[in-house]
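Next up, some structures in structure tokens.
Heads up, the next two complexes both have subunit A, just with different partners, subunit B and then subunit C.
And now, the complex of A and B:
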């Protein structure tokens, strides 16, 4: 949220996040290399490169796994929202770790004088029909290409240039990248690896990603289908004190549109649950300095009319709310972006 | 076969470098009229512009032709 595009919009929280992230990755890679060195002492330079290659490769795989777990974890437990806040930097760092893995692989071929054979690994077409012997490096390179595209378009400028639906679709390709990496590791293990640790890492990671997505999906489906509506179609939100102060309760209209109903003391207002920046879940955010603040990147909007405070120009769709016999209800029909629609509630009891 | 693929990749990258450099220098501002760009921001935008250069070129040309 700035009138000037900067390379990186750092703040104190993001700096701490990035420092912890980089330290964690460095400790993992150094630890992996130390254990592998002790377990199978390298006999020559290719062996040394092989240790680092695996350290960076497994780090990238685990980082991608954590990235995919953060979204459902944040939906299941709001304490994980802190991890979601700066996930973009996590993704960019994952690309650099994966790129280093590829660089070490090229170096591994180079020090043995085998670099000229590397292109044939990708273009020996008959191997693509095999299961054992499949050119698994191609899968890894395809995953890296997706991660490169995501990292290169992670700046806010690209969101505006590509438009949110295209940008979002492009960045959902992280699931395709993960699938490719899983296949890359699985097929690579079958050809070269005989320790059970990496298969266990693969199965555990895949299981965690799948289970968390199913749990979060089930919870959201349950929430989307349990909302009562009044005779005139207004949706029941609940008594005012059922909405956390400075927080929101999310209700879902029949068309699937999620509405975030916020309370700031006695003021109650409803906005679309989608942030204008990257469609972040506004209803999982808080009211900070009088403004609804997106949990993903801190974009802010006034509760009264859904407008970003000046000099910013973003405006959100708002919804009418009413106080009806002690409970708050919301009209599921959206108002034009920036329309004032909040009310002051007479007795919140909070 | 691999030589042809590598040559095609090199050509794509070369065109991307030229287009990307031109875009972040003079083109990007057309798509963010009310915003300014710091030098580090232009450098950060360069990989995306170089990678997506055919689409960037298409949008840039269209934006120029739409100008009065």
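And now, the complex of A and C:
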């Protein structure tokens, strides 16, 4: 998309996503504060700050948990692809919620005139040799530093500048941040407060993240190894309804090549999963204004033939698809870029 | 992600997940018993 390309930065879907996201976080934080206020009515300003500190801390932790669940959920059930589509905004908001948590913690020390005692929490070196008693705030700072790096480089400029493999590797650090935050809570507040809610929150989160990753990994392993191929080598995609409307289902050919099979109403077409721009995961994108739209920078391609609409010149490899006794199948042999190969499916019902 | 990456990933992540689960379990098992109720002190930070 060399000529005056304008990335799809904002569209209706993204605005709705962001509005729901911000509303959800605001409702959680306000609800947490309201319940905590009733339960342990604050006696002074530090108590009030403590409630907000916990509200923002738990919100950031739960958001991090949800972020880590979105990937495997989207692989398990296509309805969750919508969440994946705009996950970056989720990450940036999580950083701001976590940063507010830290700001409130500093304020908690400040209003009591204890700010000068804070550095000692980080510089009491012998504590770094302990397990219980480890400076848990340092773990929080490390997590926050990772989240800051990710939020700061989330913009497309950085994706282009760092190149997708480096960017992707950098963003895998979200798992490190998650581990650090789990230990920040386990070695911090969990040691001082004996409410069962804290271990329950951690166990619930770890359980959800691990289970979903295992399930998705299992599914993917199955798909990479044993996706039922017809006698003539065509790969099973599933019934048309299994492909989200205006979204894709990704199947893997035996060589490891991923194919994105899109559905737009009753039109079905298969393209390579690799965007011509910077190898973005096309199958995680959606069909917007009639074109398959890459989730990374919004490059667009026609479903029918994999060509970018004029005046652009990019062309993608396409694959033949067929409708066989109620299910869609795809031929794993690539066609030359830009070859028309989509079909109209008899009845999709959805 | 190439197939090699995927293979490496499959080997490494269970070890990291195990370490995190172990860290959490030890933090839970080794924590000090709760204060007796009358001696409620300000939570430490």
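Points to keep in mind about this one:
To be clear about the criterion, the second predicted complex is superposed on the first by the 226 of 350 C-alpha atoms of A that agree within 3 Å, B and C clash if a C-alpha of one lies under 4 Å from a C-alpha of the other, contacts with A are read in each partner's own complex, and residues count from 1 in each chain.
Everything below uses one rule, namely that a residue touches a chain if its C-beta (ideal position, glycine included) is under 8 Å from a C-beta of that chain, and two chains touch if they have at least 3 such contacts.
Just so it is clear, the model here is predicted, and its values are computed rather than measured.
Of the two partner chains, neither subunit B nor subunit C is touched by A:41.
When the two structures are aligned on the shared chain, A:204 is found in touch with neither subunit B nor subunit C. By the touch criterion defined above, A:265 reaches neither subunit B nor subunit C.
In the superposition on chain A, contact is made by A:192 with subunit C only, not with subunit B.
Once chain A of one complex is fitted onto chain A of the other, the partner contacts of A:182 are limited to subunit C, with no touch recorded for subunit B. By the touch criterion stated above, A:340 is placed in contact with neither subunit B nor subunit C.
Of the two partner chains placed by superposition, A:24 touches none, neither subunit B nor subunit C. Using the contact criterion defined above for the overlaid structures, shared-chain residue A:153 touches subunit B, although it does not reach subunit C.
The intersection of subunit A residues touching subunit B with those touching subunit C, taken from the two complexes, is empty.
Of all residues in subunit B, those touching subunit A in their complex are 1-3, 5-6, 28, 31-32, 34-38, 40-41, 43-45, 47-48, 50-52, 59. Partner subunit A is touched in their complex by these residues of subunit C: 2-3, 6, 10, 13, 16-17, 20-21, 23-24, 26-28, 30-32, 34, 43-45. Here subunit A touches subunit C in the complex through residues 105, 108, 131-132, 175, 179, 182-183, 186-194, 199, 202-203, 206, 210, 213, 217, 224, 256, going by the rule given at the top. Within the complex, the subunit A residues that touch subunit B are 2-8, 119-120, 122-123, 148-149, 151-153, 155, 157-158, 160-161, 313.
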